[in-house]
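Per-chain residue numbering starts at 1, and chain names A, B, C, D, E and F are given in the order in which the chains are listed.
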Amino acid sequence: MGKIVTFGEIMLRLAPNGYYRFVQAQELGATYGGGEANVAVSLANYGMDAAFVTKLPKHDIGQAAVNSLRQFGVDTSYITRGGNRVGIYFLEKGASQRPSKVIYDRAGSAIATASSEDFDWSTIFEGAEWFHFTGITPALGDNVAAICLEACKAAKAKGVTISCDLNYRKNLWSKEKAGQVMAGLMEYVDVCIANEADADDVFGIKAENTDVTGGKLSHEGYKEVAKKLADRFGFSKVTITLRGSISANDNNWAAMLYDGNDYYFSKNYLVHIVDRVGGGDSFGAGLIYACVNKYAPQDALEFAVAASCLKHSIEGDFNQVSVDEVKKLAGGDGSGRVQR
Amino acid sequence: MGKIVTFGEIMLRLAPNGYYRFVQAQELGATYGGGEANVAVSLANYGMDAAFVTKLPKHDIGQAAVNSLRQFGVDTSYITRGGNRVGIYFLEKGASQRPSKVIYDRAGSAIATASSEDFDWSTIFEGAEWFHFTGITPALGDNVAAICLEACKAAKAKGVTISCDLNYRKNLWSKEKAGQVMAGLMEYVDVCIANEADADDVFGIKAENTDVTGGKLSHEGYKEVAKKLADRFGFSKVTITLRGSISANDNNWAAMLYDGNDYYFSKNYLVHIVDRVGGGDSFGAGLIYACVNKYAPQDALEFAVAASCLKHSIEGDFNQVSVDEVKKLAGGDGSGRVQR
Amino acid sequence: MGKIVTFGEIMLRLAPNGYYRFVQAQELGATYGGGEANVAVSLANYGMDAAFVTKLPKHDIGQAAVNSLRQFGVDTSYITRGGNRVGIYFLEKGASQRPSKVIYDRAGSAIATASSEDFDWSTIFEGAEWFHFTGITPALGDNVAAICLEACKAAKAKGVTISCDLNYRKNLWSKEKAGQVMAGLMEYVDVCIANEADADDVFGIKAENTDVTGGKLSHEGYKEVAKKLADRFGFSKVTITLRGSISANDNNWAAMLYDGNDYYFSKNYLVHIVDRVGGGDSFGAGLIYACVNKYAPQDALEFAVAASCLKHSIEGDFNQVSVDEVKKLAGGDGSGRVQR
Amino acid sequence: MGKIVTFGEIMLRLAPNGYYRFVQAQELGATYGGGEANVAVSLANYGMDAAFVTKLPKHDIGQAAVNSLRQFGVDTSYITRGGNRVGIYFLEKGASQRPSKVIYDRAGSAIATASSEDFDWSTIFEGAEWFHFTGITPALGDNVAAICLEACKAAKAKGVTISCDLNYRKNLWSKEKAGQVMAGLMEYVDVCIANEADADDVFGIKAENTDVTGGKLSHEGYKEVAKKLADRFGFSKVTITLRGSISANDNNWAAMLYDGNDYYFSKNYLVHIVDRVGGGDSFGAGLIYACVNKYAPQDALEFAVAASCLKHSIEGDFNQVSVDEVKKLAGGDGSGRVQR
Amino acid sequence: MGKIVTFGEIMLRLAPNGYYRFVQAQELGATYGGGEANVAVSLANYGMDAAFVTKLPKHDIGQAAVNSLRQFGVDTSYITRGGNRVGIYFLEKGASQRPSKVIYDRAGSAIATASSEDFDWSTIFEGAEWFHFTGITPALGDNVAAICLEACKAAKAKGVTISCDLNYRKNLWSKEKAGQVMAGLMEYVDVCIANEADADDVFGIKAENTDVTGGKLSHEGYKEVAKKLADRFGFSKVTITLRGSISANDNNWAAMLYDGNDYYFSKNYLVHIVDRVGGGDSFGAGLIYACVNKYAPQDALEFAVAASCLKHSIEGDFNQVSVDEVKKLAGGDGSGRVQR
Amino acid sequence: MGKIVTFGEIMLRLAPNGYYRFVQAQELGATYGGGEANVAVSLANYGMDAAFVTKLPKHDIGQAAVNSLRQFGVDTSYITRGGNRVGIYFLEKGASQRPSKVIYDRAGSAIATASSEDFDWSTIFEGAEWFHFTGITPALGDNVAAICLEACKAAKAKGVTISCDLNYRKNLWSKEKAGQVMAGLMEYVDVCIANEADADDVFGIKAENTDVTGGKLSHEGYKEVAKKLADRFGFSKVTITLRGSISANDNNWAAMLYDGNDYYFSKNYLVHIVDRVGGGDSFGAGLIYACVNKYAPQDALEFAVAASCLKHSIEGDFNQVSVDEVKKLAGGDGSGRVQR
């Protein structure tokens, strides 16, 4: 199998321990994460040849970000070193009725101030089979959106499959700007990944009978969403994750897949959350793994949902699970009995 | 709006991390808390001008207690410095069927050995709008009960509204003693706050069809309790929190309010507990905030219940939430979705 | 009451904090535990005279294992010092659908390489009333199985009651080997303890209509299992714990007891798990306590189940609860209300 | 005595525990600090009425910065809330021959992007006696240099004494730019504070026979430096701290003071370092305290040096010592015997 | 060899991690210690049969204190359970010129409120060879002084050797009171242990040419002190530890012994301090070990000094070293080379 | 430049935090290290292409060892996966007169039970320039010694330079066995690295006038040692590190180099130790770096000594320093001034 390339920002994630609020914390857990980096680590953990492309400063914080990826076997040789800072996000874990809270401090990061010359896509895509990015990357700035477009073109030129997770972030850009920029990129995308709110936020495509905040999702309504997305942009596959948020501790988790012909729905998992950040990314990684390994649609969906179900039980952005663990859960064993 | 004054003891709280038992702990989390201090911090977090009155030793542990209040903006300028020790309570967090456990080591604390000359109530209540204390304060000793009475009289003389949380503590005094002393103070109190057991413990006023230990509470029965309290002491408002304890991890949480005319019941919340100590105090603070800001009865009750619902998700005695967070929950959004 | 002797291995338990996976951990909690050691500590916590017999190296890690037992009052004077290493097990705590994971690194431990001369059973059983071991001890090697047999004979000769927890460990021996060796030991055993899978694994005695992995247990089916065990080996009592695993966080927990005449079933507890390792051992310790104190069968069973229910709320292998705490839960108070 | 006002930036300080390097850290200690904030906290710890002026975002990280100041009694009521981020600095503690390392990530902070309208100096200086800033503040940008100039003018207009610590930071501006901007501000300054390198870096005034890197300082040479500074800018007092760096663990620490007439040299302390960041600021705070309290020159110098000697034994930017502790050391007791 | 009995208070020791000051600490290390308990643990670590006598509450904090002793093999069977609280001391570790700081919170502890009936000395001294107490025990109150006298009489009646460490604590009693009470006890004491200041504080016997605070001790002057003590009270041995405090990190450490005939001086050690609390106690334990094992005077002194030198490198009150480790150092190997 | 290959064991290192002794530790820091792995990481940190060859189990602890190497850029692609366990060493950090203590638990590790088929040296050495191993590797067993010999032969066949650090470990083999096996390997070795004791331990070649335990080393005596080693085995270079141990905290550190013609002595550093494990390995890595980069003998020696001097300031086995940092120190700047 060929190399899988992802492109985006990796941030320093600073989080109080346990359930402490920001104003209580004297210690912050320091890990690294970001949509596309999370996908790369997850794929490397599945034994894939995964490369993550970004720009990071030459200083030790930049180096620590590189090391966090290398540790799990991600190919970091295409990372450009330069720029001034590593983007940061502060994460406060929610509990019960109190939601998790994210404060972004990512403006001016190395990747957000990168330019076209920083990346040689033709070299990067040599031997590549798949390219993945999310809606966060073009949202970092017009320069990054332009780089993203160049990457898509280069990938397409080499016959590389392209997936995109819409991943709308309201603090990075408006819905209007997002819709306009993303539409331009979608023409290169084969596989579209979205959560229960993205299609509405980015393209104004809304599920009927659904109240995302209230945690009530109409699975039927999402068929229509998937179809509209596929019809508009010609995606070969559309997948939508369906999170039903009961509380900060407990969520329902499922997904659907539309392959242009049929609609597939996964099992639903009731997850007791350890850390839900990166849940969507772990779904994307599971889906890419399944696609590259030619799983049938229902199997691919179940693999991706089981993978991301497990992510909710793992600290940090990165999904630290193996193919065997995912398969065991997808195969029906979610009893959590001790493995000796 | 005027100043809100609370009076009582702030203790050093020593708690093993996570779910470790006392006999397993080599480290103890060191924070500070106590009924009336908790109310003051919560009000300061809502942007109120809140002052906490107590006596604390001049040494560094006393100073650390002062700092813990100042940190959140509480006015500590009326705290008298002197005496020998800071009261301590040891807290072991329960889980599942194992209850949380509190060991008090508060005898001989600076406030418990204070005398009338330590406090100049006339100065303290200048510009004040509200005075709050709980049943713990007079229980600290006859001297403190006398000081409390002086405070009530001084407050009343200045037209300050007085609230009292009955807060019965069986290890501090007998039900008989409590009933007698508290009755003398109630004549000055406008707003009475109680939990599902207090009215019975202190004044022998019991709800019918209720099994507090079993977690089964009859809401109807508490109407009668509230009415009897109001009738006996002439309270303008009586509120009763209704905790249905399913396990050390999961509780039902609601409250009622009686304003002499009508009975109001709040929404019920199923809370997954991070730390339930200070839950009642956070209700009191919410109620005071709502009263001072002239909320209608149902709104005041919902604000207080939502505020205290959130407290259960927060480590330490102090309720670290903002007015916006409380309003969001009271307004119906308890899904715990990540706030980015 | 006489001394209670247990014999087996105590290991160094190395576990990442919280829910971190092995590959994420830079710190490992270091405690000690093992089936029979856990029983001894639990009994010492109940005020019993409990002695744990094993072999441990003379170095500081061996000493730390001894200290961990002494700390809770276990008699360690029969522990032979010598050999090269302390057995180790690595424990990763599971959450939600992700199971806990144990990696054993116990080969070559001091006890696994012990010989008959290391233990003077005649001295050890002086004044003893009860002897307990589990199926793990003979599984450590033929030499240890032989020592175990000597212990059983010496115990029997002194009229000491013997209990055995079948405790099958597939990584230590095959089902065939286990069945053969254990059968030889069972002839000395009075009280047999098993979990929902042991009887099948060791002796091929299987409950009907039961899916252990799926968490569906037929209580009726276990009557048959208990009876078959009692009939085959002449046990005076057979107890079977019945764990219904909903997820790594939530389990149903109950047990049955067969005394040759009647079948007793305990209450069922829905437990929210802090640490489930040692759950079975805490049941065994509760049962032994109840037997030695001559509880009636249903009371003995309820005590043992309540004791082990509480264990699930406690970090580490050792059950850190008192007789009063167990009785309070067995008596019906599982509401988890704060004890002040 | 009047209020003491300081103005500048307070940053989030992120530091690995102990001697871990950045690339090894999974946890970062999160405290707050910055030259002028450090001075304000130190003065508040001496019982002074100290106010710190800055701009901080409205979000929780900004609030935590405010709380860190309030905790120690600093008046934070003049802090303007707004802007996007809190400046950050990463600190890695050195040991032996390995130096401590600072990585700044402060561009774009709220204070660096502040404008004149954010501060009402006339109100701020009401009742003030002293104004202090350091060379870092004008280095944050031309806008901040302009605000600083406004502050100086407003202070002067009210007869407030002004002190400035030259504090040259080469990563914020060039020596040329620094020299030019600082010269403009010096005309308002009464008391100049510098370290062994600042006068050279900012104004090209260099001590003879001195090798700062090699830790060899010529005390005589610094007399000339002080005199030149005083002569050029008309300072009433010039103080220069004299750090002789033996290693990252051990430093010599002393200072001199020139009051236009005489040169005073302090005792020298050999300090074994816990945390040397903020050492210069603690000297400044000690000097201001001594001046406001009208100490004689030698006494003022000894107080300031003893205060800053103690700072080296304290974790974090803030000097957590009392007047009594400083006086005890200045009085000659540096034996470190336990105080019971 | 016979049992060694020590009698006194064991306190909960609460200490910030590393060099944090009290006002900075959110976590406190929780260990247990006290003069006589420290001696008992040290002796148990040398393989001696050591029993510690005190009174401790029945609650979990009292139990944790018992466990802390049992863990290291101390016989806790003579500890009376009852009373209300465990005495506490807060410890802040000093560094460089900043001294360590102790805040006592021990009034009202179980042992301080004990009465004669709590201890059956006749049983306790069965099989005993040595009895040890320090000047802290009688300082806890007249009741405890009386119990201490009863213990001395009972010990003497059984021919048990008695040692006393003068251990003057100014916050517990005045020099006058100490001198008077201690004189009454000294008549039973065989071996007197003192530090460089005790003889002066308690009995007004002062070394010439010595400045304890300045760290300058005249060894000659202490000969006179020892002789006067021996002459006045008829001690068979007097030992005086000689701490020369250079800073909170570095001390000189030596001792002298007078056996009525000759004066012996030990080697001097320059110690780099990890934790100096319990240093004197570890000297006492070393001396008792050496006496019980019939070491020659110089050897006994060197053992005791080496033992206590090592204590300075160990966290907590208890000296965690073996006889072999002490002998190795006393024998001259203090190079600190790694032992593999 | 070509690849640098090292071969040996990487162990799980378990160490109490700070200066806690083994019997006090409830937490163990978990890192990975071993002589040759340490060299590989250090070289990777210098930007070299470094590969580490070993055998590690397939389970998660084995994976964590792999990750610890990958994190710093070491090529782990030649590591064979299999076997049962990861070797462990327990490390207790010494202080002052108390030495650090190592307890090995490495028997039966995957590499110790490896066989010739596990490694394809011909492939491994493709493109290699240097091969490094230490005396620990052949000491793991005759099988590993044989593999080591095969590696040497394969390396020699490809013209790869070979270095060996004698690294005698008395708990792994006797001096006789070591001398015999090592002599057979030395014939392939070009560069010999030893510490102040190795040549004596392994080959009976002893420095005159030297007392290693006492920390007194005769530099002259080591000239003779180096010459004898070079003469006997035909080494092109012999280097000897010269550690003068003052205490567990303070060491003198220097080295010599003999190139067959001249004797070179480095500067001496007085190091204040953070963690001295891996000090020798960091010297080896520095030397290899300098040789591969064709440094002149004195420069190579100074680089290696400065590199290893810095290692003593860094936690863990791995030397986390850059070429720039080493050069700065070798160039004379050891003042430890903060780098901003």
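The criterion applied here is as follows: a residue touches a chain if its C-beta (ideal position, glycine included) is under 8 Å from a C-beta of that chain, and two chains touch if they have at least 3 such contacts.
In this text, all values refer to a predicted model and were calculated from it rather than measured experimentally.
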*Pair with more cross-chain C-beta pairs in contact, given C-F and B-D*: C-F
_Shared numbers divided by all numbers used: is that above or below half for chain A and chain D, i.e. same or different?_
same
*How big is the gap, in whole Å, between where the Cα atoms of chain B centre and where those of chain E centre?*
45
*Per-residue multi-chain contacts in chain B, two or more chains*: 18, 21, 23, 26, 67, 72, 101
_Please output the residues of chain C touching chain E within their complex, sorted ascending._
67-68, 70-73
*Which bits of chain B are touching chain C when the two form their complex?*
18-21, 23-24, 94-102, 104, 169-171, 212-215, 245-250, 276-277
_Residues of chain F touching chain D in the complex_ = 18, 72, 269, 271-274, 306, 309-310, 312-316, 320-321, 325, 329, 333-340
_List of chain B residues in touch with chain E within their complex_ = 14, 21-23, 25-31, 59-61, 63-64, 67, 84-86, 88, 90, 92, 101, 103, 105, 107-108
